[in-house]
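In structure tokens below, several structures.
The two complexes that follow have chain A in common; it is paired with chain B in the first and with chain C in the second.
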Partner chain A sequence: MTDTSQPPRKGQDFEQVLDKSDTRVASFETRAKSPVERLQHLLHGNPTLVPVIVLLVSIAAFGVIAGGKFFSAFNLTLIMQQVSIIGILAAAQTLIILTAGIDLSVAAIMVLMAVIAGNLAVYSGVPSGIALLIAFAGGAGAGLMNGFLVTKIKLPPFISTLGTWSIFYALNLWLSGAQSIRSQDIDANAPLLKLFGETIAIGSARLTYGSLLMVLIFLVLWYMLNKTAWGRHVYAVGDDKDAAELAGIRTDRTLLSVYALSGLICAIAAWASIGRVGSISPQAFYDGNLQSITAVVIGGISLFGGRGSILGALFGALIVGVFQSGLRLAGVDVLWQVFAIGWLIILAVAIDQWIRKVSA
Partner chain B sequence: MTQPILQARGLVKRYGRVTALDNCDFDLMAGEILAVIGDNGAGKSSLIKALSGAIKPDAGEIRLDGQEVAFASPLEAQNAGIATVYQTLALSPALSIVDNMFIGHEIRKEGIAGSLFRALDHGKMRDFARQKLNELGLMTIQNIDQKVETLSGGQRQGVAVARAAAFGSKVIILDEPTAALGVKESRKVLDLILDVRSRGIPIILISHNMPHVFEVADRIHVHRLGKRLCVINPKDYTMSDAVAFMTGAKQPEGVMAEA
Partner chain C sequence: MQKLMLGTALGLGVMAGGAYAEGTTACLITKTDTNPFFVKMKEGASAKAAEMGITLNTYAGKIDGDVETQVAAVESCIAAGAKGILITPSDSRALAPVVGKAREAGALVIALDTPFEPADVADATFATDNFLAGELIGKWAAAKMGDTSTAKIALLDLNASEISVDYLRDNGFLQGFGVDIKDPKDIGDEDDPRIVGNDVTNGNEEGGRTAMENLLQKDSGVNVVYTINEPAAAGAYEALKAVGLESQALIVSVDGGCPGVQNVKEGVIGATSMQFPLLMASKGIEAISAFAADGTKPQNTEGLDFFNTGVELVTDQPIEGIPSITSEEALQKCWG
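Moving on, here comes the complex of A and B:
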């Protein structure tokens, strides 16, 4: 090839026909899809639909099986109360799981912060508001510690939070002396701590402030994740951290903010839990970590990060609550409730895999 | 002699026992298209990553507009005006085309919605992204809110190139921008490269495609064994000369050091 004689900037010979190329937007004949394929496509486009459908179907099913006892405003709002703490923890858990991490310490942070706020407000005479602010700061700090271990020491999130789970749990036993703070002591010295146990009655419905708080937290987080740059960065980091870094995201900073916010939400859950439980027990919610992960998984959020809507975790928590309530009212033994939740987790992930295999 | 807009001297980068950059020099002049060619493993990508802030060189200095710079992250390089299309494209598959184009450069709404509530202006970002993709002739993208994972390899590359062209104000670096593209899309990217140069922005083009390199490049930086072997003018040498230099089949003699 004698390139020196080639006239520059004209392109290659075989490219000369490009001027005549088709400029229409591509369109194709589409094959008629079967109803199952349509459903698969619909679910692929709207992944949160799965938990919504499961929730509605299970409410309807238990309404038929367990009758009016189940399908009453009182019982449905009771379910919301029952899931509110795990629901808030699931919101915190979702943030971590969206970044392709996992947080085994959410419930431990919550209980530790409840004990700290309770000790300060009930025994040390610190004003309740200040005690709560200290607990919020502590929660954010505990989350930051997890974030530091993940981003700076570069430990896998599973290992970091497995370690801090034990550390926070031990601190909580030490601070509380393994003793509960009694309900009447809280009422006498720091009634503000029980704020989220307050109820709004509408007919026979009993909405607690804690239930409303859970919904509010999910709505705020939904906004942050979908309508702000920070939220897009959280998804990008969870999807492919290296790509996100190259694209111009300070990934470590994003991760630290996610862990700190998650810790703060756990501390808010601590406040709500005092209202829900009444007393402050260092032994409470020992398996809250796993329950929060269950809600997230049933909500259709991918454990591999970057996919799923945070509202899914809310529906996931409610589905668990509906199953427990429905089976109990239908007279089924507790052990079979646990059995059913186990199958629910497996089914949720299996459906998720099926949706992902969507073919055009 | 005019001052190079982007210059590197004595760059060294080692990964354990592997030396990727061995006292490498580099010069990019204002308004030119500089092609970087070299065998696989010659250290082209390491050079590009050092210039774009993705890796920190162990030694050596980089100057942008005569000022010494040390980018700690790709974001710092981008903020200094260096936009890069990496071989891996650095896209997030689960995010939409618009989200990907604006990642790290999001536009917020005006007024309190943007300043206090940090709301993104999706409408404005969508319009801008569509305009940029149209300039690239990416007609086959039907929906701009489509997730990137639903795009073909070539379309993804187009999105990455459009992003760099939109945000690179001083230097645009393209690492194999046409590797996954069809004939027509390659042509569009080459036209875009020429168009960007006509706007006065210099381009670094890494490519294995010799006809493309010889067509658009003003100068060719031949990289071999972790350093700059020579810089040649495509008008004075043939493609086979260039291939001979980069594979070591022939030693350059009396090559032009700087244009």
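Moving on, here comes the complex of A and C:
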């Protein structure tokens, strides 16, 4: 029989004081977050917010400094035209950087493919469509070569693409004889090559097909990176390749596909560049690789891989374009434009580092 | 080394013809071996060297401004015992010490196309008179316009470092057009209200287009466009065409490359000043040969601190009083 009337058991003498103690299981010290910390959290959760804010602020600032000539629909769409090629290269560059790599050969692939398409279509009488398809295949092949060096030969991406940059540049000079293909010759023999120079006029705004192509490429890549398994694999590989491998991702295959796609995008950029420049110049875009990296970095994409939104690179490219246009229209000497872009890069990476240090 | 031995062998072969030619080695060092201008220069030098029985070693920097490679090239030439060095310095000042060593070692050093600073670092300079090249197109543009008071001038220059070719052509053009140029070694210090602005092109089509777009943004009434070279001019034309203003502006340029001359023929470029890289190189080889024979050094053109290899105005709209050749004639002489 159980004696139910027995009073609840008390602890021993020395335990009795526990009754008065705090009964919560566990707790964390909380304190009100300062506005700066809240901003840090917000930016950490939305990595594209920084470039969007910088873009809007710089447009507003140059609108005041340089006046109506800057802040017109014509000039703003002109900036889009001017950044379209570097913007597309930045899209290709972002893919590589998201995998914690870097691609120094993007612009060299582009110029080489433009020269190949031009030589075939303008001088050898190959139909333009086929010439372009050959260039696309060539671009993807060039990207695959980078990917092969990175995944199979296990070279660091920096070294692989430093090498292929020179190789592709030399091939370009050999094929072109360092000589431009003139605009008038392209018009006469292969007008399709200049498709992306066509313009849609809306009021005083002048949108070229090339500007629209740039935006389209970013939207498609954004969808692929965020809404498909492949895209999540890219982020996973960039964040921690070993962990991704253990999670069952075929990392080498993912990397190869990223490099091939990046090369293909460079070849598409080649087509767009013919429309933009008018002629095919083997000497143009020599530092396009660095300009594309600049756009990616200013766009808030981490050079350590696995973090950042591809749309950031689009805003990064536009920020550079806005600064260049604004400073020119304000009558600032060229060397100060270079100076300003340098500070932008440092500022962008400094902000990125600060955001990464976000505390709970 | 193999080349050297081959040179000696060739030298022995022609001993009967003239003992002085024995083993004469010359060097050609260009800024790059990609620019058609330097490619043509190399062709000219090689052809002349073969004709005169001189062994020619050629070197080039990887890109414009690649000083280290050029320094190493000069050192190789000294080591090879070259009688003469033809060089287009990538940096007018930085190469002076190594050029001094080459001269001490007994080589004749001739600067081609780009002068040293000061010019007497080298024994001689064979170059285009770039100021005159600019002046010719400036005069032509002014005469073509007639009334220059309504001119709106866009100046498309090379790059931010403002090297001598850049400021000489730019200021030459402005002087020819009738603008007060202030400091002849500075770009953009003019205060003439007819100047819309300066921008840089890196001497290629892409840069030319972007620069022209920027200056049109400053003033869409631009009607005279000076360009540093013909690729930049082709880019400027594309920018004007994109906004339907190609018939409003006169484009002038400098160089004389074949695609540029073709653009003069098709009316894209109004006039261009042609220079002669092939002549610079072949004259250089002749000078080295003469120096090797009896130590004579080349003389400068009177009134200049260099030997002028000539410049000709190319246009299909000739102006009375300004000597010019047609694009048809120019296509026979163009380089690249």
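Here, the second predicted complex is superposed on the first by the 330 of 360 C-alpha atoms of A that agree within 3 Å, B and C clash if a C-alpha of one lies under 4 Å from a C-alpha of the other, contacts with A are read in each partner's own complex, and residues count from 1 in each chain.
Heads up, the rule we're going with is that contacts are C-beta pairs under 8 Å (C-beta built on N, C-alpha and C of every residue); 3 or more make two chains touch, one makes a residue touch a chain.
Keep in mind the model is a prediction, meaning the values are calculated, not measured.
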| item | value |
| --- | --- |
| Partner chain in contact with A:L335 - chain B first, chain C second, else both or neither | second |
| Touching partner for A:G248 - first (chain B), second (chain C), both, neither | first |
| First, second, both or neither for A:G278, with chain B first and chain C second | second |
| Touched partner set for A:W230, first chain B, second chain C, both or neither | first |
| Touched partner set for A:R307, first chain B, second chain C, both or neither | first |
| Chain B versus chain C as contact partner of A:D239, first or second or both or neither | first |
| Partner chain(s) touched by A:W343 [first = chain B, second = chain C, both, neither] | neither |
| Intersection of the chain A residues that touch chain B with those that touch chain C | none |
| Residue ranges of chain C touching chain A (in the complex, touch as defined) | 34-36, 39, 63, 159-160, 188, 197, 199-200, 202-207, 209-210, 213-214, 217-218, 231, 234-235, 237-238, 241-243, 259, 262-263, 266, 268, 336 |
| Touch list for chain A against partner chain C, complex | 69, 74-75, 78, 81-82, 85, 173, 177-180, 182-184, 197, 199, 206, 273, 276-279, 281-286, 325, 328-329, 331, 333-335, 338 |
| Of chain A, residues touching chain B in the complex | 1-4, 6, 8-9, 11-12, 14-15, 18, 21, 23-26, 223, 227-230, 232-233, 235-236, 239-240, 242-250, 306-307 |
| Complex contact set, residues of chain B against chain A | 54, 73-75, 78, 84, 86, 88-95, 99-100, 103-106, 108, 117-120, 139-140, 142, 183-184, 187, 190, 194, 211, 214-216, 234-236, 238-240 |
